[in-house]
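Labels run A, B and C following the written order; every chain starts at residue 1.
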Amino acid sequence: MSELFRRYGSGLTYTAIALTAFWLLVLVIFPYAGLFEQSFRPYLPVTEINGPNDHYYIDNYLKLFSNSQDMTFGIGSLDVTIPIPIHLWVFFITIVYSSLATLIVFAICYPIAYCLAKVLKPSLLPTYLLLLVIPLWVSELMRSFSWYIILSLKGPLTIVLQTLGIITDPIHWTWGMNGYSGIMVGLVYTYILFMLFPMYNAMTSLDSNQIEAAEDLGAGIFRKHWRVILPHCKPGIASGCVTVFMLSASSLLVPNLLASPKSRWFTEVIQQWMFETHDWNAGAAYAFILLFTCTLFVTVMMRVFKVGFADIAK
Amino acid sequence: MTAGVELADVTMDFAKYRAVDNVSVKVNPGEFFSFLGPSGCGKTTILRMVSGFIEPTQGKVLIGDQDMKGIGPNKRPTAMIFQNLALFPLMTVWENISFGLEVRGVDKATRRKRAEELLNLVELPGVGERFASQLSGGQRQRVAIARALAVEPQVMLLDEPLSALDLKLRQHMRAELRAIQKRTNVTFIYITHDQGEALAMSDRVAVMSRGQIQQVDVPQKIYNTPANGFVASFVGENNKYSGQLTSIAKGQGKFKTDVGEFAVTLGEGVNQDSKCRLYVRPEHVDFSAKPKAGENAIPVTVESVSFEGNFATVHMRDKQGHKLAAEVRNDPLNPPPQAGTSTNITFDQDKALALLDSEAVAYEEKD
Amino acid sequence: MATKPTHAILQTYAYAFLLYLLLPLVIMCGAAFNDSRFPTILPWNGFTWRWFQELYNDATIWQATLNTGMVAIAVVVLSVPIGTAGAILVNSLKGRSRTLLYATMIAPILTPGAVIGISTLLFWYKFNAPAGLQISVLAQTSFIAAYVMLMVLARLQSFDGALEEAALDLGASHSQMLRRILLPHLYPAIAAGAVLAFFQSVENFNATQFTRGASTTLTVYVGSKVRTGITPSICALAAIMISITIVGAIIYEVIRRNNLAKAEALQAQ
């Protein structure tokens, strides 16, 4: 850093340090620390803060485990009824469906990335990429909204299938999968490009000669991918998985727009705490649970794929 | 205007090692002075200390008798030619050249004129509007020189500027640089690892190794009377023998090796108990079927002869298996001995130097 | 073995994928012109501009657009200098401190928008700053500056440090060197960063939703209007935004191809 002083003089260097410090301290570190701290305190009227009723406790986090409801599961021919805390259930569902979405996105993107990097005619590539980038730039809102229109009860999908005679009555498209089908479709569509681009980048950096060498040595399709291509693309895959999972789990728009009467998403619960119950401290605790989960996912990904932190950031 | 440069007891310590160790040297105004040495010897560090990019840990750097301590690179009367030239890619050639004037507030018309003058000086008329990427290596060199000259420095610092050029161009640029220096009379401090360059261009050369100066002298003396074993080995070729001094008297002595005892001339600072070696240059070696008594002679077997054009190198081994080399001028009437011949080599006492082992010896060759 | 049939299947798949991505957007735009109370393209009831008119007459949309614009500009003004400073700083470090600083700067990108929003809201509330667009600006800046930083850092790493030294050596002051040598090199990245920052800000939902208080931005307004019933005027808005995006994409591509051609011409000389 003394290099900086030498090169840019003290005025500029101090400015750079000040700006970065403002950013990292005031906009990032202090708020997160504050969030953490506040999640351990009770929700009190302004006058009682720092008073006798104010103390540290973990009740905000325990609220996750409150309000049990009986939920019935059909396992085979058996019906099992267990009391499960609602919020915990919602949390669990969010994680499960986000992971599922990540998996689906990966499965769809892998062949595309491979095709773009190795198979498609290079002259077509700029145009293809340009077209690809349009849905990305159009914004998350537009992407989610378009499926809202398609999947609506009397929307285009229904009309088309009715005209073709495949169905007679309109179908509630969002009611499938226990009420999460709409959300799943929305998550996959909205966030798929965040997996495609890192994977594509990773694929293009793979020397075609390596693939040819593998083929020369007799590798079949499966082995070619499993032993040569996939391992090379690990950073890209890890990056994509992390991004898609995180975006899915913390999504607000998609679960909102493509909801069904039975669907609930963890972020909606947080929203409830913040703006309906106005218990900001509980909201803080839940937000922290979400943050912790995402961080955990990132760490697990890094371990599983053996990639460093710097590889994950776009 | 030109100025001399002095390094007074300068030492540079980095976190893990000492790059420059107690160096004192004076460069005279208007001199073409080279620092010569292998990578890591400290010459780049010295250049950066003179230019102001680093401050010495100890000692003083003086330019024109003024202590440069605390004075930044932009305030020193120096201009540097960087190894990769560092021409500004987003500016045209004439903008590059006049940059130093631009930052001094000179108006555009005057700058343009001066740039044209300098382009003529370096023999590159008319390329002012081009960009650096459009020029050849040699042309870019000259633009870099013009850019440095534009600020009328008292001292020019050149950081191995020719190392990226191909052979023919390098030789041409050597003459160019020398000519420019003579024309402008600016002090040139030149660093290189190429001893041919240093010897050909410089008024004086400082040979360096491991942060220490081994010898400072005119090129002829560096070559003919090297101060120690390092200089003898680094500059030019040398045949080398380990052994012991058996007697000394007035700058001469006797040196005992495992192939005989020879009459030698003592190098700098050599006395009875010095650790030293015997050095004889290949071009000072003669062949003789029957050496005279008292002459320095070694029986050898010729292994191979490589014809290099205007001379030939004869590779031989002595009775103990040490490798030797002799350089023989190409004379069709007097060809060198053929491979397989057994003969003797002879050398004069004043060409056989007993030189101190420098602890900067990093050049051990396996026999 | 990679064979022609496999390749053909793959390519078909790739084109189908493209269709899958673009078709929903086309449908959404199409619904903006359909004379039907509910947003859809089938049944097609005839071409109409009325949803655009309805959009034009919607005062809340105009206010929301204004808010969005102001927030975006504020975010650009904040995050571009901050991101650039961060890039310069992290580039001057090595080893562990570099990794640590870099990780801290990237962390907001990997943080859920909800968390960013809530933490920013709570933090400034301590200083009696209520929820509102200013808070949204701060929340958005925290991670958008990171995007700017990444772009500038990439550009910085292609910069030859010797150029800075050469400038100093020739007598430039530090600020002259910055202005004439470093910044011109960085301008493309800074400009790209500014554009990126602007659009990231416009499309942001999560962080904004938690920090905006009573005010609204375009994205938030549209996102929450769905619950209260919509007309195809939203599709009209979508059509406008998509058209802008397409125009932007075309301009970007034209510039990119231009630059490529220029660079190649220069090399060939």
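General observations
One rule holds in what follows: a residue touches a chain if its C-beta (ideal position, glycine included) is under 8 Å from a C-beta of that chain, and two chains touch if they have at least 3 such contacts.
Treat the numbers as computed from the prediction; the structure is a model and nothing was measured.
If the chains shown are joined wherever they touch, the resulting network is a simple chain of contacts running from one end to the other without closing.
Measuring from the average of all protein CA coordinates, the nearest chain centre is that of C. Subunit B and subunit C have centres, each the mean of its CA atoms, that are 56 Å apart.
Subunit A and subunit C have centres, each the mean of its CA atoms, that are 18 Å apart. Note on chain placement: the centre of subunit A and the centre of subunit B lie 63 Å apart, centres being C-alpha means.
Along subunit C, residues 165, 168, 173-174 each make contact with two or more other chains. For subunit B, the set of residues touching two or more other chains reads 53, 72. In subunit A, no residue touches at least two other chains.
Touching subunit B in their complex are the following residues of subunit C: 160, 162-163, 165-174, 176, 180-181, 184-185, 266-267, 269. Residues 1-2, 6-7, 10-11, 13-14, 17-18, 20-22, 24-25, 27-28, 31, 38-43, 81-82, 85-86, 88-89, 92-93, 99, 102-116, 118-123, 125-126, 138, 141-142, 145, 150, 164-165, 168, 173-175, 177-178, 199, 202-203, 205-206, 209-210, 219, 222-224, 226-227, 234-235, 238, 241-242, 245-246, 248-249, 253, 257 of subunit C are the ones that touch subunit A when the two sit in their complex. On the side of subunit A, the complex with subunit C involves touching residues 1, 3-4, 7-9, 11-12, 15-17, 19-20, 22-24, 27-32, 34-35, 38, 108, 111-112, 114-116, 119-120, 126, 128, 130-135, 137-143, 145-150, 152, 154-156, 159-160, 163, 189, 192-193, 211, 215, 220-221, 242, 246, 249-253, 256-257, 267, 270-271, 274, 280, 283-284, 287-288, 290-291, 294-295, 298, 309-310, 312-314.
Interface residues of subunit B, counted against subunit C in their complex, comprise 51-53, 72-75, 78-80, 82-84, 86-90, 99-100, 102-104, 131, 133-134, 147-148, 150-151.
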